[in-house]
Amino acid sequence: MSTKLTESIMSEIKREYIESALSRGERIDGRGMDEFREIKIEKGIIPRAEGSAMVTLGNTKVLAGIKVEPGEPFPDTPDRGVMTTNAELVPVASPTFEPGPPGEDAVELARVVDRGIRESGMIDLGALVVEPGEKVWIVFIDLYILDYDGNLFDASSLAAVAALTDTVVPAERWDLGEDFKLPVTKLPVSTTFVKIGKNILLDPSRDEEAIAQARITVTTTEGGMINAVQKGLSGTFTMDEVRKVINKSIVIGEQVRERYLR
Amino acid sequence: MENKDIKLINEDGTRIDGRRPDELRPIRMKVGLLERADGSAYLEWGGNKILAAVYGPREMYPKHQQDPARAVVRARYSMAPFSVDERKRPGPDRRSVELSMVISNALSAAVLTEEFPRTVIDVFIEVLQADAGTRIAGLTAASLALADAGIPMRDLVVGCTAGKIEGVVVLDLNKEEDNYGEADVPLGILPRTGEIVLFQMDGMMTEEELCTALDMAYNAAMEIHRMQVKALKDVYMKEAEEGGE
Amino acid sequence: MSTKLTESIMSEIKREYIESALSRGERIDGRGMDEFREIKIEKGIIPRAEGSAMVTLGNTKVLAGIKVEPGEPFPDTPDRGVMTTNAELVPVASPTFEPGPPGEDAVELARVVDRGIRESGMIDLGALVVEPGEKVWIVFIDLYILDYDGNLFDASSLAAVAALTDTVVPAERWDLGEDFKLPVTKLPVSTTFVKIGKNILLDPSRDEEAIAQARITVTTTEGGMINAVQKGLSGTFTMDEVRKVINKSIVIGEQVRERYLR
Amino acid sequence: MENKDIKLINEDGTRIDGRRPDELRPIRMKVGLLERADGSAYLEWGGNKILAAVYGPREMYPKHQQDPARAVVRARYSMAPFSVDERKRPGPDRRSVELSMVISNALSAAVLTEEFPRTVIDVFIEVLQADAGTRIAGLTAASLALADAGIPMRDLVVGCTAGKIEGVVVLDLNKEEDNYGEADVPLGILPRTGEIVLFQMDGMMTEEELCTALDMAYNAAMEIHRMQVKALKDVYMKEAEEGGE
Amino acid sequence: MSTKLTESIMSEIKREYIESALSRGERIDGRGMDEFREIKIEKGIIPRAEGSAMVTLGNTKVLAGIKVEPGEPFPDTPDRGVMTTNAELVPVASPTFEPGPPGEDAVELARVVDRGIRESGMIDLGALVVEPGEKVWIVFIDLYILDYDGNLFDASSLAAVAALTDTVVPAERWDLGEDFKLPVTKLPVSTTFVKIGKNILLDPSRDEEAIAQARITVTTTEGGMINAVQKGLSGTFTMDEVRKVINKSIVIGEQVRERYLR
Amino acid sequence: MENKDIKLINEDGTRIDGRRPDELRPIRMKVGLLERADGSAYLEWGGNKILAAVYGPREMYPKHQQDPARAVVRARYSMAPFSVDERKRPGPDRRSVELSMVISNALSAAVLTEEFPRTVIDVFIEVLQADAGTRIAGLTAASLALADAGIPMRDLVVGCTAGKIEGVVVLDLNKEEDNYGEADVPLGILPRTGEIVLFQMDGMMTEEELCTALDMAYNAAMEIHRMQVKALKDVYMKEAEEGGE
């Protein structure tokens, strides 16, 4: 178990290093408190998928692939298409990710990304009906986490949104008319902060996440609308902290939308 | 969250069940009703009927999930098959996996976990009948069950949900409001310090609406906390009396 | 493991205590050998279910909920509704019950309760047909064990039968005509005995079950008909003991039916 | 158990396969036919074809299921996919979980489990073709396989099924009688003492009918026990002969 | 763990014994390098199945049972029946086989047997159509391994092929016309070799398998056609060895076909 | 493998994608692109896009799967849901279980497993886009990832597929050829000795055709091996340069 010992010592050293930097108002990679790491979005890298995007956020890499297939609507929404989001913490991405069905972290990730997209009305589900009550288009969003270096929420959300804007509904393959671009009306952006001591940091790296007490993700859309919030971890926020985070999320979300998604 | 033909707010500003925007549904709490559990609580909140039971601290199994520095608080949120209109298949779905996680986190913030390293405190939340707001009702009941089990905590945990229906921010959504409303904001707090331990939101709200909803839920949580304290007092006074007989 | 040690010592002490009482012809809670603990039945406590009942048997608590939904009949019985029974040993009920799919104890419990109800013909399945071969009513009996203090068989059976008598088929919700009371023709009652040494005891408490060698459950209906028997545990009964248990079950079953279910 | 148009009892009182009410189907037993198992037996009973194999006593794994005072007898009843008219999906269903349990209990009553604390004795029962009465046929075969494995027992276990068809109590139901009859009473005993180790019943019977069925099954079990003893003698005499060559 | 120790010593002793015999050009059971153990095939032993065969290969015993039922065709082959192969390493067969869903060994076994039968065109799937695109016959091949003493591939393949030649499609039971013999056009035979040191041996016994470095199975049909190959284990073959094995498989396969399957 | 109306070989002997019978599709390899993995490689081969990552040697868990004499090489082949035309449900199916096994065996032949007893070397192969020949492409990428992780090997592993379409033996089938062709022969070798570590075949071939296919795949594998070596050189030269800066 000497490895575990080493790990534990290393993590203690990292903690002190991060905290001492924060006490001087600095992050160890030199970023400001409200600054994202470098963001890179490559769309269309999986041509066989109906839409795809690889997002690199610092060293974190998430590949989103979209498949669109005909299927049955839900009984209570016969006149709307269906969207569903799945996240796989692929074991290539981290020594701690194990093969197998999604664990609670993957479930939370998928559900938070899903909520932001769904509640924003990003996809015009009403335009994805082939025959009301019988056949609609089902949009499968699959998130493949390939390299884990912190902040999977924002990287995954960006990847999903970018991939959706890249998506063409393959109607011809199913003899259901001509292919058409997936009707997209909004561009939701999620921003995730963690709290370390008294500090609240945007876009935590893996080392920062490892020592964070609390996490919060806020997903916003055009016009300053908020569509999803998820507080994570077992630490707490004050009401004041929460209000500031919400406000920052709207501002920063708009910047990300302008710079990377328009 | 789709607005059907249903009208959720009446012309006089009241809601379909007659409540004002900032009015809670009726809440009843009972502590310590189960024989076997180390602690238990039963809570009725509107149409919600929720049972919470606590076992532990006990040895964590499997061992590799032990935390050498503290107890793990492991909540499991579960809905009875007959708790909803269409029978729910037994077993966890993705929603209950997520809710179990956020409730575990919220309770962990309150429990003095460092007192029981390597152990697990199991909290089982059974939704016997569901009527919107079950996660917060479950959290509130779970915190009572922890107190009943004598688990040391720095505070109770309590919460409330606010939301938005037909453009109006309201407190404590019922099932129809949850189904057809525009947003849902479950909030859990530690009442002594006002710290936030659970906070989720989904729907469509402006910053102002969300802050209003948070305030509304916060204030209601404080009110519900007084009911918690009363429920605990009742059971201990009853025990004291019985002990004195 | 000191807890385990304590448990083991405690159980040895309990065994001696119970056995010594039995040697004097007594049970530790003062009951007669053929006497049930206090029975309480509350019907209708889950209004959202189609039927429900909470049964308290001593400290044992079982909640039965009934859902009734339209579905397909079995191919070999196109003109009959369907009933199905499921039992969950909910982990609130005992430190030894674990979350997860039903184990062998829960499966046995559900199947024994199911057999008593099914074989008695309690539910008139022939009256639960919407369209023969196409659509019938499916009656889901879900047993939720909430507090385990012995004799789950009788408590569950009582809860299921009481809940069924409380059940209304929600035809209106499915646009299939008017709601109607579930047609119930019989009231099966199960009686469970355990054998400790030479003694045979009705309605064992948890402590009695813990030291029992053998168990037997007999379900009977109106007119002295026997519908189900299940011998449990690895101890044995003599043929004579079995005959006596069968006879007692008919007599006691009729008393329970009269007093609690009529 | 629904009575269709099928006539199960002929006018002369015989059954659809020509048997009298108290007549057994043909039974053949063979002991020790598998190479790898510690003990094995094959049994044909009417159309039932059943293989039983025993491994153990061997170390119980996982360890927390060990019993420090005795061996655990763990029977697993399983039906081959091709054993029934409509292909059965592989893997345990609820019925086989229950039957595995009652068979385990019945065998435990016979094995001198206290001689092998902390171990498990695995008994695998494979129904290769099913024709009603498989649990009792499996139990009877399993007991032979235990004997073949040299597991110390205070007695063999043996059983038989009785039932009721068209109002008549009869012995050893076949498939049609089981499907369309009115009751089914599987019984397992220790023949030396006559103790009952397995007893289930389902259907609709009066007290008198049930007692008649029990007696009928009991007497038949004693007869089948004689076949068991003969099958074991055959194999050991053959071994002795071979050993002497 | 003394058992494990004994096992390990025993296996070392066996290894030396087998290798020393091989160094003299001999196998411990006296067989030639390209010689099968005794083969026995009993067809029709499970009359309730649509076809069945028990194959004994030395001490290895495999029972194959065939069920044939109506079902839907695959969307991309609307005018062909369906075949599917499943193998169960039944725990009666070996102390190391555990109950539960098929592990990787069982999956490999089923897939290799399946490929030989499927690719040879043995079953005339085009003749198993009831109504094109709607209803076809599904042939379920279930392999039940009852006693494991080496070379499950060839024993299972023989059992499956023999059982298929014994199969009658039960059309009458499903009111789909008259029963008819399953249309069989080819008789694929698999031959499995292992490599121990420099030696390549046909039909390995369990002891030989235990020390083999590499395994290869070649399935051939009438006219010297090759339909499936599977190299197994982590050892290697030279290209020359592979060519010789392929050639031998054709020759020996034809002998087996003539002697046991015609 | 059914021949539909599609014509796979043109009149001039070229294939539907314009290749000659013995011509490879374009191949690109990149080593060491993942941050967290101990070793990684990315490979594009025709339309295949494949990522391989290596973790280990690390302690084998669960312990009873440890080999006291050597490391276990445990490859896991997996296809992304969006890698194929119809979405693939996540999780292993029978095909991926088999491919994981044959790839594990092939890699084990190259790794000097005896240097790391009781450990596991995990190799994860993710097919991000599939276009026939994924198992060999995955094997080839995995071997690069092992080298990148610094795992001692007696050789790289490399492979290629050959097959038969419309009666002609050809190299490196693409998706249409795989779907409508007559045979498929994936081959994996150790290039230094020419030993065969992976060899499967399905379809219908004469002995002569199969031997031709083997030779063709073998020669192509040698060519691909040169690309592997170049890709590794590139990364280490780049590292050396960076180290020297």
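First chain written, first letter: the chains are A, B, C, D, E and F, and each begins at residue 1.
Criterion: contacts are C-beta pairs under 8 Å (C-beta built on N, C-alpha and C of every residue); 3 or more make two chains touch, one makes a residue touch a chain.
Model, not experiment: these values are computed from the prediction.
Student: Show which chains lie in contact with chain C and also with chain F.
Tutor: none
Student: Based on CA centres, what chain would you say lies at the far end from chain A?
Tutor: D
Student: Looking at CA centres, what chain is most distant from chain C?
Tutor: F
Student: Please report how far chain B has to rotate so that its Cα atoms sit on those of chain D, a copy of the same sequence, as a value between 0 and 180° in steps of 5.
Tutor: Rotating chain B by 120 degrees superposes it on chain D.
Student: Compare the contact pairs of D-E with those of each option in C-D, B-C or A-B, and report the one where over half match by residue number.
Tutor: B-C
Student: From the C-alpha centre of chain B to that of chain F, how far is it in Å?
Tutor: Using C-alpha averages as centres, the distance is 52 Å.
Student: Return the distance between the CA-based centres of chain A and chain E, expressed in whole Å.
Tutor: 48
Student: Can you check how far apart chain A and chain D are, centre to centre, with Cα atoms defining each centre and the answer in Å?
Tutor: Distance between chain centres: 58 Å.
Student: Taking each residue of chain A in turn, which ones touch at least two of the other chains?
Tutor: none
Student: Taking each residue of chain B in turn, which ones touch at least two of the other chains?
Tutor: In chain B, no residue touches two or more other chains.
Student: From chain D, heading first to chain E, list each chain in turn around the ring.
Tutor: In ring order from chain D, with chain E immediately after, the list is D, E, F, A, B, C.
Student: In their complex, what parts of chain A are in touch with chain B?
Tutor: Of all residues in chain A, those touching chain B are 77, 104, 107-108, 110-111, 115, 118-121, 216, 224-239, 242-243, 246-247, 250.
Student: Please name which positions on chain D make contact with chain E in the complex.
Tutor: Listed in rising order, the residues of chain D that touch chain E are 34-37, 40, 47, 49, 51-53, 55, 58-59, 76, 78, 80-87, 90-92, 122, 124, 126, 128-131.
Student: So in the complex, the part of chain C that touches chain B is made up of which residues?
Tutor: Going by the criterion above, the answer is residues 3, 45-50, 52, 59, 61, 63, 65-67, 69, 86, 88, 90-95, 99, 101-102, 140, 142, 144, 146-149, 173.
Student: In the complex of these two chains, what residues of chain B are touching chain A?
Tutor: Spelled out, the residues of chain B in touch with chain A are 1-2, 73, 94-95, 97-98, 100-102, 104-106, 108-109, 183, 185, 190, 193-207, 210-211, 214, 218.
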